[in-house]
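There are two complexes below, and they share chain A, which is joined by chain B in the first and by chain C in the second.
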Partner chain A sequence: MDECKVIIMGFGAVGQGVADALFMKKELIKEKTGFEVKVVAAADSSSSAISAEGLDEKLLVDTKKNEGKLSAYPEFGSDKNGAEILDAVEYDCLIEATPTNIVDAEPALSLTFKAFEQGKDVVTSNKGHLALKFKDVVSAAEKAGVEFKYEASVGGSMPIINFVKDTLSSCDIKSINGILNGTTNYILSRMTSEGSDYEDILKESQELGIAETDPTQDVEGIDAACKTVILANSLLGIDATYSDVKVEGISKITSEAIELANKDDYLIKLISEVSPDNLQVSPRLVKKGSSYDVSGTLNMATVKTDLADEVSVIGLGAGSLETASAMLTDLISILKNKN
Partner chain B sequence: MRMDLVLELLDVPGQLVSVLEPISGLGANLVTVIHKRDYKNENGMVPVQLTMEGKQEDLKNVINRYEELGFSIIEIDGVIKKEKISTILFGHIVDRDLRDTMDKINAIEGVLIVGFDIKLNGEDKSTALINVEADFGKKQMFFKRLEEIAQEKELLVINEV
Partner chain C sequence: MDECKVIIMGFGAVGQGVADALFMKKELIKEKTGFEVKVVAAADSSSSAISAEGLDEKLLVDTKKNEGKLSAYPEFGSDKNGAEILDAVEYDCLIEATPTNIVDAEPALSLTFKAFEQGKDVVTSNKGHLALKFKDVVSAAEKAGVEFKYEASVGGSMPIINFVKDTLSSCDIKSINGILNGTTNYILSRMTSEGSDYEDILKESQELGIAETDPTQDVEGIDAACKTVILANSLLGIDATYSDVKVEGISKITSEAIELANKDDYLIKLISEVSPDNLQVSPRLVKKGSSYDVSGTLNMATVKTDLADEVSVIGLGAGSLETASAMLTDLISILKNKN
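Let's turn to the complex of A and B:
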């Protein structure tokens, strides 16, 4: 039986989701790929658990939840952190789920480059390095002859990158329009169904944990803009970076605007437009009952192609297990290629 | 009787044949056809002008057939088909000379405001819904010009996707 040793970097919602999902899907992965996946290290911002023999996924999650730090993991807890972990244990694939950073893309950028230099494959959910330096990262992976997959970075569990690359591979992609941020879709949906003001719904969303304490990344369209860049580069071959996207968030949307839109049978949604002549995140009018009419935290995307005309996908854009599902799919496709 | 038509076609081989087939097939006659494959409009489509002759009934059947086949007819006997577009503006709409904003929109070629609704919010920024009718194929131009007008007056535009 072949073995695939993985390191999980970043052990928050997504990292823990990956551990949980690996625990649930070990057998399935073995059946589909012939590989037994073993977690040889997991790390948070300041500590880690490391064992060449493999760690217990459930115990990792429990330790992090109960003790707050992975260094509290019985026997194998360690104060090692960051890049040194990649030298501390033999591994095959880095599963990287550290926070998105759109100032300098760290720590994801250095970790990813280091893994490539070591000849290791990388699966990520991170948007920062992709939004700032897509070309550099992808070409570094190619040069190193390793696999680099990032399905989870856009749309969480909603298939879009692999879907377009693999399933729509016969088509030229003309453009993609989509709702790529669940938090803002939730806020706009509630403003629409209740006629309430932006500020009130934002506050409630924060209490429910749907919006962050600092909601800027979501409500000002920054998160959606990062995803716009990732789709532009990966699916339309547009050499763009974050600063090439025109961004307008939803904080100026009033209940009056939603009411007026409703009069003409429209909804207001935060739409990412990815086309060769426009990279833009902005509130737009969409027809009720159209494929853009998805509510709550759902994400969607409509892909315009030459042969298949329009194809749309819908799915949960965030969540621990949901995002982990996309990362496991990436891992499985890497392992399938090894056979 | 005679009828002049302008249709929009995809720029792929075989399109023109499928446009011409129904004419003789349904008992009408083709008089002229102008098809310039090197000219594309803003939607990336190739316009075809044609004139056909026949009984009114037969000409009507040809038009129906085109609609069934999904060809966009953008002009019949010199009358350009219109598209309805809704857009929302947000900002100091009244203070920034509403009259002038409307005049500027109406001055865009092939575009006419046909509906207007505004919600005022005291001294605060207001929201307006504007409905326009635009000549077929003028939509992108309208969006572009509207964006310029809005920028000049610091208004937020919410356009159709």
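Let's turn to the complex of A and C:
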């Protein structure tokens, strides 16, 4: 039995989801790829647990939940963090789930380059380095001859990157339009169904944990713009960066505007548009009953192709296990290619 | 440059679509796989064109359209047909697009087994052999050590088989529910939007070429039942055959029933249900605005998974180039695996 040693870097909701999902899916991964996956290190923002013999995924999650720090992991807790962990233990694949940083993409950028230099494959859920420096990161992986996969960076459990690359591989992609941020879709959906004001629904969403305490990244369209530029680069071959996207968020949408649209059978949605002529995130009117009419935290994307006309996907845009499932699919794909 | 020699068997709408799509996509296939695809034979129901040096895809389509028979192809026309073509010329992959036969699955069944025995890969759009003898056909391919791919058999250009196998590979699949027949969806959509009777819309659909002269396969749910059992076998690992599916078509749906549903915000759709407990095709009430609310000839499917919750796809259920695009995607996937 071949072994695949992974490091989980970042141990928030997504990193913990990866640990949980790996625990559930060891047998399935073995069956599909012939590889036994072993977690040899996991790191939160200030500490870690490291063992060449492999760590217990459940105990990692319990330690983080109960003690707040991975350094509290029995016997193998460590104060090492960040890049030094990549030198501390032998590994095959870096599962990179640190928070997105849209200013300088750190620590994801340095960690990813370091893993490439070490000849290791990388699976990421991070948007920062992809939105700011897509070409640099992808070329570095190519030069290093390693695999770099990032399905989880867009759409949570809604497959879009592998979906287009693998299942629409015969088609040229003309454009992609979609709803790529679950939080704003939830807020707009509830404003529509309840006729409430933006501020009220935002507050409730924060209480429910759907919107963050600082909701700027979501409500101002920054998160959706990152995803927009990732799709532009990866699926349409457009050499663009975050600043090339025209961005307008939803914080100025009033309940009156939504009601007015509603009267004529329209909804207001935060739409991402990806085409060679236009990279844009903005509130748009969409017809009720159209493929854009998805509510709650759902994401959707409609891919316009030459041969297959329009194909759409819909799925949950967030969630810890959901996002982890996308990262596991990437890992399975990497391992299959090793056979 | 490696070469991949293909035979296109069956030269109706789908076979011609494959020839057209191959003509358009030679460069793309070369780029993605490193293989140059050459059509060494194409066959309609009674004749063929055969040349080891390769045939001109455009001329194949023009010959069929203008002369009605591939034997009229300049210089390389032939009276050979069916299985004897597989002996007449060296090839690497059989692109099998003969009409679906739900009685004995011929000629697809014999052609496919013969190709396997010759050690050749097969891409099919056919439903007959898969619906009647899924396990036999798939095991024969495995034993022969060849690739057998059949995305185009379900959903036209809506990816569902590769979609689940490739982009949801980390998930266990609990169930799949969907609209898998475009003709009936078109008829029901128009009955709903116009309040017209079944017979009137069926007649118009026949005039438009959306329904066949003998519409039985579509309107009685037979086509959808074939697709249901293919999904059951290929994606849920259920060892079932066509006769295991409970089938009810749409020919008894009245405009009154549709209106009654409409008043309570429901639509009537022909729904395929695939789960370990239930293989069924039947008219069902679905909520307006739900993911089942797709109109015209669209197909859709909602896949219920353990990790990624529910993921849906929507795409055109038919069309010549659209179905061909699914076959080309399968061919590209086969060729990529040869590298």
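Things to note:
Note that in this section the second predicted complex is superposed on the first by the 339 of 339 C-alpha atoms of A that agree within 3 Å, B and C clash if a C-alpha of one lies under 4 Å from a C-alpha of the other, contacts with A are read in each partner's own complex, and residues count from 1 in each chain.
In this text, a residue touches a chain if its C-beta (ideal position, glycine included) is under 8 Å from a C-beta of that chain, and two chains touch if they have at least 3 such contacts.
Everything quoted here is computed from the prediction, not taken from an experiment.
Using the contact criterion defined above for the overlaid structures, shared-chain residue A:P283 touches chain B, although it does not reach chain C. Legend: residue contacts after superposition of the two complexes on their common chain; A:T305 is shown touching chain C, with no touch to chain B. By the touch criterion defined above, A:S325 lies against chain C but remains apart from chain B after alignment on the C-alpha atoms of chain A. Shared-chain residue A:D172: touches chain C; no touch with chain B. Of the two partner chains placed by superposition, only chain C is touched by A:I314; chain B is not. One of chain B and chain C touches more residues of chain A, and that partner is C.
Overlap of the chain B and chain C interfaces on chain A: none, as no residue is touched by both. Chain contact summary for the complex, chain B toward chain A: residues 86-88, 90, 117, 119, 121, 125-129, 131, 156, 158-161. Of all residues in chain A, only 177, 248, 252-254, 256-257, 259-261, 263-264, 266, 268-269, 271, 273, 282-286, 292 touch chain B in the complex they form.
Contact residues of chain C toward chain A in the complex are 21, 24-25, 28-29, 32, 151, 157-159, 162-163, 166-172, 288-289, 291, 293-294, 305-316, 319, 321-322, 324-326, 328-329, 331-333.
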